[in-house]
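The structure under discussion is supplied below as C-alpha cells; questions concerning it will follow.
Should a chain be cited, it is by its letter among A, B and C, assigned in written order, with residues numbered from 1 in that chain.
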Amino acid sequence: MDFDALINGLDRHTLDGITRGSIYALVALGYTMVYGVMKLINFAHSEVFMVGTWATLGTYTVIGATAGQGLGMIIGATLLALLAAMLASAGTALAVERIAYRPLRKKGAPPLIFLITGIGCSMVLVETFGQVLRVFFGPPFGRVLVNVPAVLPTKTVFTIPGLDLAITNTRLIIIFGAIAMMVALDFFVNKSRLGRGVRAVAQDPDTASLMGVNQDRVIMLVFVLGGAMAGVAALLFTIQYDSTKFDIGFIIGVKAFTAAVLGGIGNLRGALIGGLVLGVVEVYASTIWDSSWADVTAFVVLVLVLMFRPTGLLGESLGKARA
Amino acid sequence: MTIITQHTNRLRDRLDGVPTWARALGMLLVVAFAFYLPYLNILPFAYIRTDLSATGTDWASVLFLVVVYMIVAVGLNVVIGLAGLLDLGYVGFYALGAYSVALFGSTSSPVVEAIQSKFGLSEEWAVPFAICVPIAIAMALIAGVILGAPTLRLRGDYLAIVTMGFGEIIRICARNLDNVTNGAAGITNVPVPPGPEIDGRPFFNVSEPERWYWLALVVLIIIIWLARRLENSRVGRAWLAIREDEDAAAIMGVAAFKYKLWAFAIGASLGGMAGLLFGSKQQYVEPNGFMLNLSFLFVAMVVIGGSGNILGVLIGAFLLTYLPERFREFQEWRPFAFGVALVAVMILRPQGLVPSRRRAREFADRKVEAEEAAADA
Amino acid sequence: MPDDDKVTATAADKATETTVAPDTSDHDLLSMDVGQEGETLLEIDHVTLRFGGVVALNDVDFSIKRGEILGLIGPNGAGKTTCFNVMTGVYTPTSGEVRFNGKAISGSKPHKINQLGIARTFQNIRLFPEMSALENVMVGCDARHKTSVLGALFRAYRIRPEEHQLPENPLRRSFAKVFGISRHTLEERGGRERSMELLKFVGIADRAHELSRNLPYGYQRRLEIARALATEPQLLCLDEPAAGFNPAEKEDLMDLIRRIRDLGHTVLVIEHDMKLVLGVTDRIVVLEFGQKIAEGTPEEVARNPKVIAAYLGEPDDAA
C-alpha cells in the first residue's frame, strides 16, 4: 500500500492512465458496436487488434522504416502503417463475420454458439501468427515478443509549468488520435444515412429489415468500422509500447471489453468513458499496490459499477439518437 | 447432417422401447468396460491408447484427466445447459478446489505451517484429507454464491464478463499472495485420499494412475446420478422454465433468482470437486495450471458435446481431452487445430454432437424461424 | 401468416370439441378451501402509476370480493393490463397501495405474489414453448410444493405413505413400507395427477404430451388457464382470455370461467368483448384513460352513459 507514490505522481499517473485508456476505448468501440447491433460478444475482436499491430510492423519492414529517420519518412511511414493496420484489421473483422458468424445467423443459432465460434476464430488467428506463419516464414513470427521499430521518436513537446509534467508527442498523438476517431465515428453513426441504418438495426432488427434496411450490410459495416478502430488502436499501441506478440490481443481485448461494459455496452460514448476510467484505475492500482493487482482492481471496479448501475456508467443503447 | 440427426433420433426411439432390466444391464456393461479401460490391450481397440509411441502419455493418467474433465463438464452443464447461464470463469472454481486441498492438507503450505506454529503442532501435521474434501467443496460453493448473488441479477452477457474476471482474479491471487499460496512456486505435497498401504506405499500414489482413474470414475458416476435426479425434478423444470421465459416463470411462482443461484452453486461445487481430484493426483498445484484458456476449453466441451444433455457433454469432454493427448506428436499444432475444429463443428452442427432431444427440437424450430424471417425480408 | 394459423387452429379446436364432451366429473383434487365468501380479497387503494411524464393509472380504486367474478373493462389503452401488472407485481405503483387479504403487496417480487395466491394469464400467450402441456402445468403445481434442491437431490425427507400411495411392485412396496416414500416422489406424483386433472378440467387432456408450441391456439389459451390454476390461486386473473375466439368458443370460455369460480377461486377477467363480460361477471369496473369511470353490476354498467360513450366514442370527442 503506497498511497504516497500515487499522491506524489498523481498528474503523471493520470496521464499514463488516460493514454492507456484511449487505446482500450478504441478497441472497446468494436465490441460495443457489434454488441449493439447483434447482441453478441465478438470474442475474436481482440485478435482483430493483434493483426493490426502485425500490419504496422509489416509496413515498417516493407518500406524499411526504422528509428531515427527524417521527418518525411516518419510521417509517411506512420500514415502508411495506419492505413495498413486499419485495412488489415477491418479485413480480419469482416472475414470473421463471414466465416464464423454469418452461417450461424442464417441458422438462427443462440448466442452461446457465436461465442464458441468466436473463441475458435480467436485461437486460429493467434496460432496463425504464433505457429503457422513461423513454420512458413520463420521469425519474426512465433511465440516471442517482437520489437516494432520506434519510427516516431518520443520527444517532449511542452512541459506543464508548476506540475513539472512533460507532455510528449506520442502521448498527444495517442490521446487526440483516439478522441478524434471516436468523434468521427459518433458523427458517422448519428448523422449519416448508413449510420441511421446501424441505429435502426440496433433498435429493432425485424422492423428495420421490413423498412428496407439490409441487415447483412449493416452488420458488415459494423464489423468493418469496429475493425478499423481496432487498427488505429493497434498503431497507437505500437507507438506507445514499441512491440507486439502473437497473443497480445487477449489481454487488451479483455480490458477493452470490460471498458465497453463499464461504460454501458452498445453505447459509443460509454466506450470512451469506460476506457478512460479503466485505464486510470489500472494505473492508480498498480501504483498503490503493484502492477500484478491492476487486473484485479479493474474487475472489482467493474463489478461494483454493475451492481449499482446495471447498465454501465452511461447506459446501453446504440439505437438511441444520443448513442 | 439432418440424416445423422434422423438416425440418432430413430436409435433413441428404439432405445426407449428396450425394457428397464435390459437398459440397466447395458448400463452396467458400459460401466464395467469403463473400469476395464486402463488394461485395454486387445487389437485393434488398443489403438485408442495414448502410450503406443515412446513420446506418448501414460494411458491411465489420460483416462483420469478425461474423467476429471467429465466431472467439470457435468457441473458446467448444470450452469450452461440447464439453467442457461454463461459462466466463463469456471476455471476459478476448479482452481479453488485444487488450492483448498493443497492449502489445508499439504505439510508445505504456508497456511498449515502457520497453524502448526500457532498451536505447537508437529511438522508432520496437516488437515486430514477427509476433512479437506468438504473444505474444498465448501470453498468453491461459497465462492459461487458470493460471485452469483450480486451478478445473477444482471443480464446474461454481463455474467460472462464478470465470471471471466473472477477466473482471472483467483489465478492472480494464487500467484501474488506469496505468504498464503507460495506464489508462482506453487504448493507441493498435496495430500492423497487415505487407503491401505501396499508394499509400504500409500494406496493412491503417483506410479499407479489407474487407481486414481477408478476413484474419479466412481465420483463421476455418483455425480451423474445426482445430476439426473435434479434434471428430472421440479428443479430441472424450474431451470427450463427460466430459460424459456424468466418473467412468465416468476409469475407462475418460480423463484427465478433462487434457482439460478442454486445452479451456480451446484456448478461451482462440482468444479471444486474436480479440481480437488486433479490437485490431489498431481500432488502439486501452481497458478499457471489454471489459466483462463481452460475456462474456454470447459465451455467448449459442454457446447460441442451438446449442452443440456449429459451424454453429450461427456462425449465433448472425452473428445477435447483425449484427442490432444492421442496426437501429442502434433503438440505445436494443437491450439490451431482446436480453433479450426471449434469453428467447423459449431457451424456444421450448432446444436452440438449429441444434443438433448429438447435442444435438437429447439434448434430445428429456430432454423425454420430464421428461414421464414429471411424469406419475409 | 399468424392469421392463417389462427383460422386453422380454431377449426381444429372445433373438430375436437364436438368429440370431447365437456368435463363434468367431480374434481376432488381441484377444489379449493374457500374463505368467507363476500369478504374483501384484493383492494386497489387509490393507485397511481406514472412512467416519466405519462400517467398510466390515475387514482384507480376498487376491490374484489371473495368468490365473485369481476370484470375489468375499458377501451384499448385504458390501462387494464397496466392495472393487472400492478396487481401481479410487475410494476410498483407510484402512489397508493395494493392489498391482498389485507396485506400490502405493492413492490413484492412476482413469485412472492404468486405464493400469496394470485395467478394470471397473459394477453399474448406466454407458455413455455418447448415444454409439453403437462410439464407447463406441472411448473404451476411446483409453486405449492415444498421440496427444494436438496430435497430433490438426496430425497431424505421420507413420509409414511397411505395405503393407496404404495407402489404395485411387491419389492418396492415393502421398501416403501419400511423406509417411507420421499416427499419429492409424492409431490412429483401428486403434481402429475393434479396437472392431468386440470388439463381435463379445461378440456385439453387429449394432447397433454404435446409441446405447448405445437398446440392449436384455443388449446394454448386454455393451457395458460390450467397452468395458472395449478398454482392454487385464491385470485385468478385472466387477461383477455377470449382474444381470437369465435362465438362458440366464447360460450365455452364463459362456462369454464363459471366452473373455475365454482371450484372456489375468485376470478378477475379483463376483456373488451362486452358481451362476454356482461354474460359471465357479477360485477364490472370500467377504466378509461387510466381512470375508473364506472363500477357496478353488469346491468348498471351497461346502462351507464359514460360507459356507452367510452365504448361508442363521444361525438364531440375533441371537446
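By definition in this document, a contact is a pair of C-beta atoms (placed from the backbone, for glycine too) under 8 Å apart; a residue touches a chain by one contact, two chains touch by 3 or more.
Quantities reported herein were computed from a predicted structural model and do not represent experimental measurements.
When you average the Cα atoms of each chain and compare centres, the chain farthest from chain A turns out to be C. Ranked by C-beta contact pairs, the top interface belongs to chains A-B.
The most central chain, judged by the distance from its Cα centroid to the centroid of all protein Cα atoms shown, is B.
Separating the CA-averaged centres of chain A and chain C is a span of 51 Å. Centre-to-centre separation between chain A and chain B, using Cα means, comes to 33 Å.
Centre-to-centre separation between chain B and chain C, using Cα means, comes to 42 Å. Residues of chain C found to touch two or more other chains are absent.
The residues of chain A lying in touch with chain B in their complex are 35, 39, 41, 99-100, 103-113, 115-117, 119-128, 130-132, 206, 209-210, 215, 254, 257-258, 261, 265, 292-293, 295-296, 298-300, 302-303, 306-307, 310. Those residues of chain B whose C-beta lies close enough to touch chain A in the complex are 80, 86, 150-151, 153-158, 160-162, 164-166, 168-169, 172-173, 175-176, 296, 299-300, 303-304, 307, 332-333, 335-336, 338-343, 346-347, 350, 363, 366-367, 369-371, 373-374, 376-377. Of all residues in chain B, only 226, 229-230, 233-235, 237-238, 240-241, 244-245, 247-256, 259, 262, 266, 358, 361-362, 365, 372 touch chain C in the complex they form. Remark: chain C residues 1, 88-90, 109-111, 113-115, 119-120, 122, 126-131, 135, 138-140, 142-145, 147-149, 152-153, 155, 184, 187-188, 191, 211, 213, 227-228, 231 touch chain B in the complex.
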